[in-house]
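Chain nomenclature is as follows: A, B, C and D, assigned in order of appearance, with residue numbering initiated at 1 for each chain independently.
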Amino acid sequence: MNSTIVSYLSQFDGHKKFIAFLSEVLGFDATALIAFLVFLIASIVVVKVMALVGGMGTYAERKISADIQMRQGPNRVGPFGLLQFLADGVKMIMKEDVLPKNADKLLFTIAPLMALVGVFGSLAVVPFSSGFILTDLNVGVFYLIGVSSLVGVAIFLGGYSSNSKWSMLGGMRGASQIISYEVPVTLSILAIVILAGGLSFSTLVNAQGGLPHQWYVLHNPFTFIGFFVFFIGALAETNRAPFDLPEAESELVSGYHTEYTGMRFGFFALAEYIEVFVVCGVAVAAFLGGYKVPFDLGTGDFLVNTLHLPPIIGKNIGQFLQIGSFVTKTLLLYYVVIWIRWTFPRLRVDHLMTLCWKYLTPIALFNLVGCAVWLYAFDGHSIWELFSQMTAGSHGGGH
Amino acid sequence: MSSPNLDVYMPIIILMAIGVIAVVGALLVGKLIRPHNPNALKESPYECGEEPIGSAWSNFNVRFYVVSLIFIIFDVEGALMFPVAAVFRRFNEIGEGGVLLGSLLLFILVLVLGIVYCWKKGDLDWVKSFQLSDEQIKQLNNVKES
Amino acid sequence: MFDNILFLLSASLTVVGAFSVVLTKNLMHSCVYLLAALFGMAGLYATLGADFLAATQLVVYVGGVVILMLFAVMLTGGDQDKENKFGITKVPAMGNTKTFIAGGISALVIALVILRLVANIAKQNPQGDLPNYMSTVVEIGTKLVTDHVLAFEISSVLLLGALVGAAVIARPARGDDQ
Amino acid sequence: MITLSSYLMISLALFLSGLVVMIARKNIIAILLGIELILNSAALNFAAYTRFVNQNIEGHIVSLFIIVIAAAEAAVGLGIVIRFFQMRESIHIDDAAQLQS
């Protein structure tokens, strides 16, 4: 059944004792209250970290682009310009909030809200570790696809409500691009779901191992192609270059947020950066082994057995190793995303649609069929297991 | 366990509430400290310094609709395929994978027929009307020469 | 406790969204209120233990149908009350008092009939409990390829028909573009 | 206390809203919005009865197919609307009364 961060905590004695103590003091069953508090604290932690990731994302974007273009990048605020994003945030709040005269005021206000709600909603199922996953829904991946499509609606409404021609063009382009690229992304995830046999993120991750040859990306040739299809589709879904047509500076001024100023623009930008993190996290969880640590260090059994640590400490150290593994892989992908942005030129809009419908979607369908047939033909063994069986078999035959 | 345990949806509600509170709170806090002196020029939509003509809410090309149409069909087929994909492994383990593979492949085949039709009819081309045939180009050249 | 909160939130979002669809005069706004109502429906499915249906509701409606509706509104010229090319004056496209009175009366009649039917159910007040599913996804998947495999396959044919039909209908006639 | 009747009441509210939208509005797209509301109320009924009365997952499957059919209906319906707009430059339902003499 669904496991959450609360069900992870409730296996420790201290948690139970605390609940019993609190129930005695308050005079009613405190389990629900504690669950709420744990969820609230964990959610706030996740949101704070994600806001930091979003803020540092803008900083990293500038530093890496500066590095690629042999410039200095931001270096005034704080050491190495690290506090630049705080300065940007203060600037955003201080900026005047301009509401265009002919704008649709209701939609203009709720569009950034919808983008942020969609992205925050998708954070709930990102698997940081086997214990620290806010909620491991049975329909995790599917839910994430659904709730993150709110961002597409938000971009369309943002473009529509400004009543500016640039915004409208950007919004239409953005919505059609996001929905188009959702098709190859969904089909690639479907291929992984077939192999893993479940929709929840823990199923996806637990079907993989810690070492690269146990990851789904190297499971068989179809998933290898599928990873790149997913990654390209995810780039396009988050409006990152080379697919940033909805906000193409050279043709559409600033796309769907041309008329947005100050904090409202800031929310769109924050939503975009967090969404990049989320899709990188999904790519890591589905294809790159997720939170798995090599040699099963993540479960903590190794530490308990060799170093004779108490089980509770071993387990928690294992959790931190898992979080480290997940975050490291995700940030590496994040770096690749930024790297791609500053390396490739932007696509033309007809090339964009051709790429999606005539290349990625047929390839993704082919991968889906291939994975289904692979599972049926080889009982879900990866290509490495087949190789090792073959070599073992030939040795056996030789003797 | 009698009724479904709904606590798993709690983080989603909390996170969405945090999103709403963040937006509303930042806008309200910002209201206290940011300047507010609008004028007619500032409030007009940005059109590179030109006077805006007419409303932006006008008709768009129908190809946007065709794209979203193909998308929604794929979306729904994905929604139907997800539970089947999720049980494929279980069926395969008890030796019934062949039946499931057959029905899944049939389903995908019908889906592929749809996209092949749209491909042949040119619904997937973004700039259909601008691609001239060789004959039309020849005609154009003739016009130029004469 | 949380069950009730989730139910109240989703129910109020659904009902308020649905009523706003009725009351607003702006087509674009009513699409957005419909989005709110459908989002609330996903929450209601979640309270019913139908997690897969909730996710499907999100994927198909929030990501698909509503975007399709918004695109259709844009393709037909936004939400302005356009006169048609014959210049005939008619009821405004979003309805006037007369049409709303007609709609209200018919709704009242049907509501009375349905309430009369529902009254029996409210008296019985069935209190079934859900069996302990592994997850509804597995149950639905198993049913889809065993008992309901025909419906599963035929739905793909239905969707193929919808795709081809809608593409043929919506495609601009030859020469329209040039 | 959440009972079956509360879900039925929400379903009724959705149905009545859809009905009023369908009768009162003269914009074809708005009428399609009403149809979506009515289909959703039907799907909610199936899911609610599954939960409270017969504990049979078939209700969920019927709801799933309702969602599928609603999506297909919306696709075809909006296609017709767009074609109609291209021909008549209007999406007023009274302009579609050609057969009515």
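Keep in mind that, in the parts below, a residue touches a chain if its C-beta (ideal position, glycine included) is under 8 Å from a C-beta of that chain, and two chains touch if they have at least 3 such contacts.
Please read all numbers here as calculations on a predicted model, not as lab measurements.
Interface comparison, C-D versus B-D: the higher count of C-beta contacts falls to C-D. The innermost chain, defined by the distance from its C-alpha mean to the mean of all protein C-alpha atoms, is B.
Our note on geometry: chain C versus chain D, Cα centroid distance of 5 Å, whole angstroms. Distance between chain centres (mean CA atoms), chain A to chain D: 34 Å. Inter-chain spacing, taken between the CA centroids of chain B and chain C, is 18 Å. Chain contacts: chain D has residues 64, 67-68, 71-72, 74-75, 78-79, 82, 86 touching two or more partner chains.
Touching two or more other chains at once are residues 1, 32, 36, 137, 142, 160, 172, 175-176, 179, 182, 198-199 of chain A.
Contacts with at least two other chains are made by residues 2-3, 47-49, 52, 56-57, 59-60, 63-65, 67-68, 71-72, 74-77, 129-130, 136-137, 140, 144, 155, 159, 162-163, 166-167, 170, 172 of chain C. Chain contacts in this assembly follow no simple pattern; the graph is neither a line, a ring, a star nor complete. Every pair of chains meeting the touch criterion is listed here: A-B, A-C, B-C, B-D, C-D.
For chain D in complex with chain B, the touching residues are 64, 67-68, 71-72, 74-75, 78-79, 82, 86.
For chain C in complex with chain A, the touching residues are 1-2, 26, 28-29, 32, 35, 42, 51-52, 54-59, 62-64, 66-67, 70-71, 74, 134-137.
Of all residues in chain B, those touching chain D in their complex are 62, 65, 69, 72-73, 75-76, 79-80.
Chain B contributes residues 5, 7-12, 14-16, 18-20, 22-24, 26-27, 29-31, 33-38, 40, 42-48, 52, 55-57, 60, 64, 67-68, 70-71, 74-75, 78-79, 81-82, 85-90, 92, 97-98, 101, 104-105, 108, 111-112, 115, 119, 124-127 to its touches with chain A in the complex. Contact residues of chain D toward chain C in the complex are 2-10, 12-27, 29-30, 32-34, 36-37, 40, 43-44, 47-48, 50-55, 57-58, 60-61, 63-65, 67-76, 78-83, 85-86, 88-92, 94-95.
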